[in-house]
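In the two assemblies presented below, chain A is common to both, partnered first by chain B and then by chain C.
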Partner chain A sequence: MIALIRTLLRKELLDASRDKRSVMAGLYYAIGTPVLMCLLFAVLLQQLSSNDELYIRIDNVDAGPALVQYLANRDILHGDESKARAIRLSLADNFEQQMQQGRPATVILDADHSDDRLLSSIRRIERALGHYNSEVAQLRLMARGIDPALMQPVDVQIHDQATPDSRGGMFLGIATLTIILTLFYAAMNLAIDTSAGERERNSLTLLLSQPLLSWQLVVAKVLAITSFSMLGLVVILVVSKFAYGLVPWEQLGFTIRLNADFMLFTLLIGMPLALLSASLQVLVSFMAKSFKEAQTYVTMVLFIPLTLSMVTTYNIASDYVQWLPIAAQQQAMIEYLKGSALPLPQLLVSTLLTLLLFVLFSYGSSRLLKSEKVVFGL
Partner chain B sequence: MRYSSSLSRLSKLSTMAALLLSASAIAEPLSGARSAMLEPCHAKGLSDRMLCGRINQPVSTDNDGSDQGSIGIHFAVLPAIKPVYPNEAVLAFAGGPGQSAFDVAASFAHSLRYARETRDIVLVDQRGTGRSGLLQCDAMDLVTQFALDESSIDMSELIRSEMKACQQQLQVDLQHYTTQAAASDFEAVRLALGYQKLHLYGGSYGTRMAQEYMRQYPQAVLSATLDGVVAFQQSFAAMGLASDASLAALYRDCEASPACSKTFPEASQQLQQLITQLEQAPIHTVVRHPRTFERIELTLTRSKLQQALRFGLYSNSTRALIPLAVEKASQGDYSALVGLMLAQDMVTDLSIGVNTAVVCVEDWPFWTEENRAYYSDSYLGREWMAAVDSICPIWQLTPAAADFLQPLSTEIPVLLLSGALDPVTPPEGAELAMTRMRHAKHLIAPEATHIVASQSRCAPKLISQFIAEQSVEALDGSCLEQPLRQSFLTNANGIAMPTAPASIQHQNQE
Partner chain C sequence: MIKVTDLYKKIGEVQALNGLSFQAENGTITGLLGPNGAGKTTCLRTLFGLLKADRGQAEIDGLDIARQPLQARKQLGLFPDPFGLYERLTPREYLEFFAGINGMATADARQAAAKVLQVLQMDDIADRRCQGFSQGQRMKVALAQSIVHQPTNIVLDEPTRGLDVMSTRVLRELLLRLKQQGHCVLFSSHVMQEVAALCDQVVVMAKGRVLAQGTPAELCASTGKNNLEEAFIALIGTDEGIAA
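Let's turn to the complex of A and B:
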């Protein structure tokens, strides 16, 4: 029986590898996505990091030259319309007067806080103004012979337990999302081709007329698809390792490192998912009447893994979702990258669920192949 | 090597055991003992998690076979954000002598923030400081200090008796706490952490420690940044003259500033008058305690005034207060001067043991009549030398070999940074230090005071660039010319109005 399945598997692999275009199409995702993400991240980082000179509009500069110089020392400078960001800092006319009398001197920080691209710059200006406030206040107290430390009754010391590996947040989610979805996208073409395609080429009937059981055929197909999606997984891991290594994460104070340990870990927990992905897509393809219909259904069905992965990425998964296939595996990948404890119970349950679904879907497909309606696409 | 990666790997290893993946983790050699000795820790004012550890070093560093026990050297690693160079680290040396590097971790993290993007920062508490067996004695409390009349009592006798009490309390042989003795501890930490090469960053006295490390272990160093340089050839007594020069520059700035010269037209004469007056007789007065607000006695002596000014000169922010404080004091209001005296608080955490060891072994023995006379030109220099003359004979330490005073001769690329307004380590020190450095560049920030990297926004970038290139050739110091001086306070709230006050007053009434 093993020999039979091996023969079937060899036939499926040979079939699949002959259609180089469709194999490559599956791998394009694995190669292209990390590169695309890498470019996207680089652009995003540029907006998020705010290390360089920041040009804004400063109105009434003459009213408080000391403050303007203080900001300039922190690379917050007055720029003209073309250069400046849409942030306006206006000093009150009586700024210096108020300062000298020891009354609060007003500055207006005018910007659209819903504009995400401005937020880090706004925060930076607020921080700088806060520092200026405390520096002037300290000097005022010292001029009166009072220890400025009195202004700080409670000395709050923040002990952050995060590490540079664990601060990635959403970026870690997106990176793992693209990796886990490979298992589905790399399998798609092949799954449709080997089921709906085979039926359309009329070779399915020929196969079924051989002395073999329908489940053996299904298992061989699923294994063939699985090996290709695992190949996709290897490719995306390798490409991601190099692509993400090029992104200057360190400017935001964290890093994303995909080391060999992580890759092996991902391959291990990805294997059951690959089986699930292949059996699911084969089942859906057989259920469809034609090749084109199969393409539509499979695309629709792929929204399920996408959704599960999304809720994990944006950290909005409820407690139940964390036990489900894909969500649990992706969470485990994120925790692994962060270097924190793995959610082992969830991972175990979801792996068992994943394998159970694989068995169910494969069984479903083999049941379908017993029906003439399905085999002839009637 | 990779204490960071190996540590994170270790934690993963334990969680991964169930998944049988440990085989891959063993691929890279990992000393269990080394990882085990590091544990997460936090320093004051720095939220980032560091990894701390301790190694035992013999107290006695000379090979005479005598066993004097061991000393625990505490160190901390601030992990690189993206460890691109796991075999290299930046080793930062604190000042003093006697400051703990761990205590000022936040300041190092700020100055070395760009360097940290790709390399670990290592902070070692020099033996006798901070967590490496701090040699500290009880200091005088503020109330006693304020009331003390230095002019009427025999100061050298007071210093002697305090020092003898301290000696009783510490019960150590200070001979083992010098710059030369400490260098091997830094090397031992490097080896324990498995770094192949180091980049050094030293501030103030830390520059001398860094130079000594380069002298003893040149093969371990790729580059060195010296910020606020202390040359081997120069005595610490030179700081008196440096302080005077920095104060003179401040009064020149006041004269050049329209607001300051208008408010304090007689500024420098006022200071001279006050000094002359205090020279004749100290002023006995009552001030508010800066924290408790109780009325306490203040005996204002020349010594107190000059010390307050000296520490006030360290930062551009307190410099802005000096002309106002002096004018108020000469008018009989001492509040602002009390405010300046608070700046001295920063010396309280210094290790008196290390400070004494360094001065009495590596400085005091080499004073000649000639340089004594030279440094005596400054009041602070005279006062300091008198104190050292009282302290050092008590400890009876063996002087360092005379070649200690030789400038460091090295091929290692060195970046020297100086603030032109620095009241302790002015640019001249760097010029002396670099005479035999063959790949060195000295950059001066014209408006910076002590320690350029903590003030200038561009110095941290320059340091990172220097570390990356390991060459001073391409460094462009023009960005150090940014303005850092602050406007002088002309009243207790802020600066005088640069525009005509009348018109604004008018506007205000509307």
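Let's turn to the complex of A and C:
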């Protein structure tokens, strides 16, 4: 029995490895995604860190030199058209005069609040103006012999517990998402080819006429696809290691470092997922009546792992979802990279669920292969 | 030996097999002759257990295919229609694979494949991938596949379709040799000349039933015709043959 499965597996591997187009299509994903993500991260980081020096247009600078100086100390500067962002701060002509008289002096902050790219800059200016307000107010109260603490009934103290590594949550989410989805995309073509393709090339009936059981055939196919998924996983891990090494993380104060331990950990928890992925895609392909139909169905079905992964990436998973396959494994990868404690119960349960699904899907495929309708496409 | 007893099989609304019974002996070439749609392919698929008969049974060397499918299939070699080759494998790999899944150890499978390649004079194409093979070369690979594990019974589904003279000769010589070695050879066909030239026994079937069985000479004699084609037409009735 073992010898039979080995013979079947050897043929599947040989046949699949010569299907250069399918193998390469899978590997393109594994090689290309980390490179794309690396570029995306670089751009995102640029945006996040660009608030070091904020240039805006300040009209009527001479009207309030003290305010302008205050803003300048906070790196909010007047710049010319080319440099400045589309935010305009206008000081009223009587600004200095009003200030001296202790009356409200008008400042107009003019910007498009629906422009998301400006929003953080606008908030920053508002915050700076707010601080200026309260500083001047405190000085005025003191000059009149009143304790400025009166103006502060509640002393709000904010303690930020975020470590630099935890701040990179979204980046970690996206990086692990691309890694985990490799298990599903790397072997997609091979999975369809070995099932729907085998039937379309008429070799399936010949195989089933041989002295073997349908489950042996399914197991051999699933194992062959799994080995290519795992190859894809190894490739994306190696490529990611180098690609993410090139991202200028220091601007954010944290880094994504994929060390050997992490890679081994990922390969370990990825193995059951690879089995799940292979058995799922084989099942769906056998259910389809033709190669093209299989491609459509498999693409549709792959939205499920994508959704589970997205939910984890954006940290909107409900408590239930955290126990599910893919979500739990990805969460574990994220925690591993952060250096936090692993969600072991979730990981264990979801790994068992993953293996259970693999058995169910494989059983389903072998049932399908006993059906005359499925085998002959009746 | 292949024995089919009272097989019934309905596919969709069509009664594909309707009480089919016949026997193919060892050391004999038996032709399953019938018009298109007579149920030949359904019969062969049932023989391999790919289709389950509604009633009746098929036995291979006394093994019921429905009860002991694995043992029964080991005694069967199939030359399928279509061939079902793996385009990316070489004939040698292909043959070793089929020998392997029929229970041969790796070394034995290698030896068996080499032997068949030699018998069918395929050494020149043995290590080229099947992609781009001619119809004749494909036929040879399929034929080699059906005998590589040395089964007692060899079943061929429409083996002569699309073959040129040379390929047909290769096929014919091999079938005669198998017969001499005592194998049971069963093939389905609708080509009269082929059947007349090769078969010791002819099973004429239409609409899922056997209409007559005997040597070509016996069939001619019983219908009072002087060639198999005329005898065949007489047996199935012209309407049936054309309508099906």
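Going forward, the second predicted complex is superposed on the first by the 302 of 378 C-alpha atoms of A that agree within 3 Å, B and C clash if a C-alpha of one lies under 4 Å from a C-alpha of the other, contacts with A are read in each partner's own complex, and residues count from 1 in each chain.
Here, contacts are C-beta pairs under 8 Å (C-beta built on N, C-alpha and C of every residue); 3 or more make two chains touch, one makes a residue touch a chain.
None of these values were measured; they are calculated from a predicted model.
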| item | value |
| --- | --- |
| First, second, both or neither for A:D319, with chain B first and chain C second | neither |
| Which superposed partner A:D15 touches (first chain B, second chain C, both, neither) | second |
| Which superposed partner A:D75 touches (first chain B, second chain C, both, neither) | first |
| Which superposed partner A:Q97 touches (first chain B, second chain C, both, neither) | first |
| Which of chain B and chain C A:A66 touches, first, second, both or neither | first |
| Overlap of chain C and chain B interfaces on chain A (superposed complexes) | none |
| Residues of chain A that touch chain C when the two form their complex | 3-4, 7-8, 10-11, 14-15, 18-19, 201-213, 372, 375-376, 378 |
| Residues of chain B that touch chain A when the two form their complex | 8-9, 11-12, 15-16, 18-19, 21, 24-25, 27, 40, 42, 44-45, 47-49, 79-83, 117-118, 287-288, 290-291, 293, 317-318, 320-321, 324-325, 334-340, 342, 457, 482-484, 486-487, 489-499, 501, 504-505, 507-508 |
| Sites on chain C touched by chain A in the complex | 11-12, 45, 48-52, 69-71, 73-74, 76, 78, 80, 82-89, 93, 97-98, 100-103, 105, 129, 145 |
| Interface residues, chain A side, partner chain B - complex | 62, 65-66, 69-70, 72-75, 93-94, 96-97, 99-102, 135-136, 138-150, 157-165, 249-251, 253-255, 257, 260-261, 264-265, 268, 336, 339, 341-342, 344 |
